[in-house]
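Remarks on the structure that follows.
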């Protein structure tokens, strides 16, 4: 099978305007993936499916990943010349930058015809709030239908071109997306008192202690 | 008789369509004995023929993946038992395989053999049960299901005496298996495997040639091979359509390449083929089991370098999959170097096999939809997760 | 011929019907409340705490409240509070003990992970399966008095496993004693170095009984640390 780099070069040659990036995977599994841009994603998917040398005819697994915004603190050592004329000093400089959050959809492709795979495709949304659309690959592989609905349901990614984009595991009136990492559980179910501190605290919050009986009022006739 | 909400039970209403006369929208399930759990199908009927079918599920949803992200790698292992609760041993293996890929762990040879033995026993138990459930769906109440359960119980007894629990085995570990099967256990497994062919012969005499079963299932719920491949259908359902794709052969994970077995393939892709494929697969499983039990090597069942506590794989990701009895069960894990996986995803075979339920049911009657669903072989613990 | 399959099937049912009267392989049902099937030794249900003696279970708990099981428990059903003081354990060494050890068996999923991660062999799986109670919350929350069962009981339900555990513990105690003796002898033989107290004496015991376990911060000093 072609390596990911070879595949990227082949795709870039075939789709000159497209942006295809290799995302390398440092783990021993060495399953590297390809990040696609939205505009060419479906064309590339169709090409991967139909090209006789590739024939990735089955999209086995579709899933979402939530990457929230994170603050990265980097410490770099900078050599600063001493204004007094002494030898230059090495000063540690701390820079903080915010890496914007995004949602990612991952597709695992296999070829049943040529018995090869996996090729991993990734699509990223612009952010986690309003630019959460990615092109749907359901028209290319039917197996994406339910799995993209699941990603929509649990992560809140909207798939453009999906034939039936509804919630699938949560009920229709549900508001949030539970698989996001900043999801807060709603406090609308029965908290069972257990000896655990955090559960107990939640249960106490849920069932506020009844105000002490007001004997003064009762005493009054 | 017209069905009204009062006597129709759950949710029955007429949809008026001036071209096709009266279409009736019926909600089958979630509390319906034919749906194998809490599964619901909203079917639109023209007379008794299905013109539209929308599966509805999630009644058993507990966000398994979120649980997996909030606990350690090891603590997710017992939760995988509860995905497809008939096949906890193969779920364990799929998860252990994914973690082993992620962390680059080696598995001792004996453990690989033990895993094969347990996975094939699980396949026997799943397919036997499925045949029983399918007959129950066809309307032959009790008899085949009870025969199937009698045999299943023997396999579950083996699991119990090895792992301590009949169904929630929690047996595989990263880099091996939890306990070494003792000699008497292996002798028991050998006795069971030796006797299983006789049971299958009897079961087939009861069912396979039965004219009612043939009339009821042949030509029902046909699935086109191209659609099946595109829809990600895997396992016996895919092979029943004539696509010879078996991960035991394709990926050759574990020690499967050492065993000699054939992959049965169907010709019509209908419900009868799906039943037959499972019977034939059980015969091949018995062959694999005979070879694995005969060739079981000595040695440890656990990689001595594997850590039970404080297991933190290096950052990266891995997708590991095996051929479960219901199809391709895979786990996709992303590690950020911490004790918990950053992302823990299960590829549930029965969830994805449901994608084409509507395509298979269109044009058939309600009673056929029940057996088509039965032949898909779903477990709601896995579909809803 | 149409109908042969049906007749063949009926022959199978007839064989099973008749067989169920004389063949134990075809009649496998057990009339449960009256007859109880034998349990395999590996059978597990809910955990219990092992105490050395049945007469003083609270005084001889093997548990040292290291809280590893509490941390590893998948459904988080274990709750432990450490003691402020120390009590001597079976080997005579002073140890922390749990003042509160509760398991919520309505949450417990019998996965046995607490048993596997326990470095002290102090928590094991019980085989009692008739545990229904009328109370919904409190009755299924077992405290340490209800959880404690003697080592003799452990031997009764799992003879081979308990014998192996006892053998291992005895060997470890013996090794620790011998090492302590050797260290004491070495100390006596080397009088000019009294300033550095030898950590070797308590090393084997300490590394095993580090309350934080693996991944914890407190590690005993390595043997090379001795000046």
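By letter and in written order, the chains are A, B and C; residue numbering begins at 1 in each of them.
As a working rule, a contact is a pair of C-beta atoms (placed from the backbone, for glycine too) under 8 Å apart; a residue touches a chain by one contact, two chains touch by 3 or more.
Predicted, not measured: the structure shown is a model, and the values here were computed from it.
Ranked by how close its mean Cα position lies to the mean of all protein Cα atoms, the top chain is B. Of all chains, C has its CA centroid at the greatest distance from the CA centroid of subunit A.
Between subunit A and subunit C the centroid-to-centroid distance comes to 40 Å (mean Cα coordinates, whole Å). Rounded to whole angstrom, the centroid-to-centroid distance between subunit B and subunit C, based on C-alpha atoms, equals 33 Å.
Here the CA centre of subunit A is 28 Å from the CA centre of subunit B. Every residue of subunit B that touches subunit C in the complex is listed here, in rising order: 71-72, 74-79, 81, 143, 147, 150, 153, 157, 160-165, 168, 170, 178-179, 202, 205-214, 307-310, 339.
The touching residues of subunit C, when paired with subunit B in their complex, are 2-6, 8-9, 11-13, 15-16, 26, 28, 40-44, 68, 72-74, 109-113, 116-117, 125, 213-215. Across the complex, subunit A is touched by residues 57-58, 61, 63, 65-66, 101-104, 227, 229-234, 243, 245, 250, 313-321, 328, 330, 332, 334-335, 343, 345, 347, 351-352, 354-356, 384-385 of subunit B.
Those residues of subunit A whose C-beta lies close enough to touch subunit B in the complex are 25-29, 31, 57-61, 63, 65, 106, 108, 112, 115, 118, 120, 141-143, 145-147, 154, 167-171, 178-179, 183.
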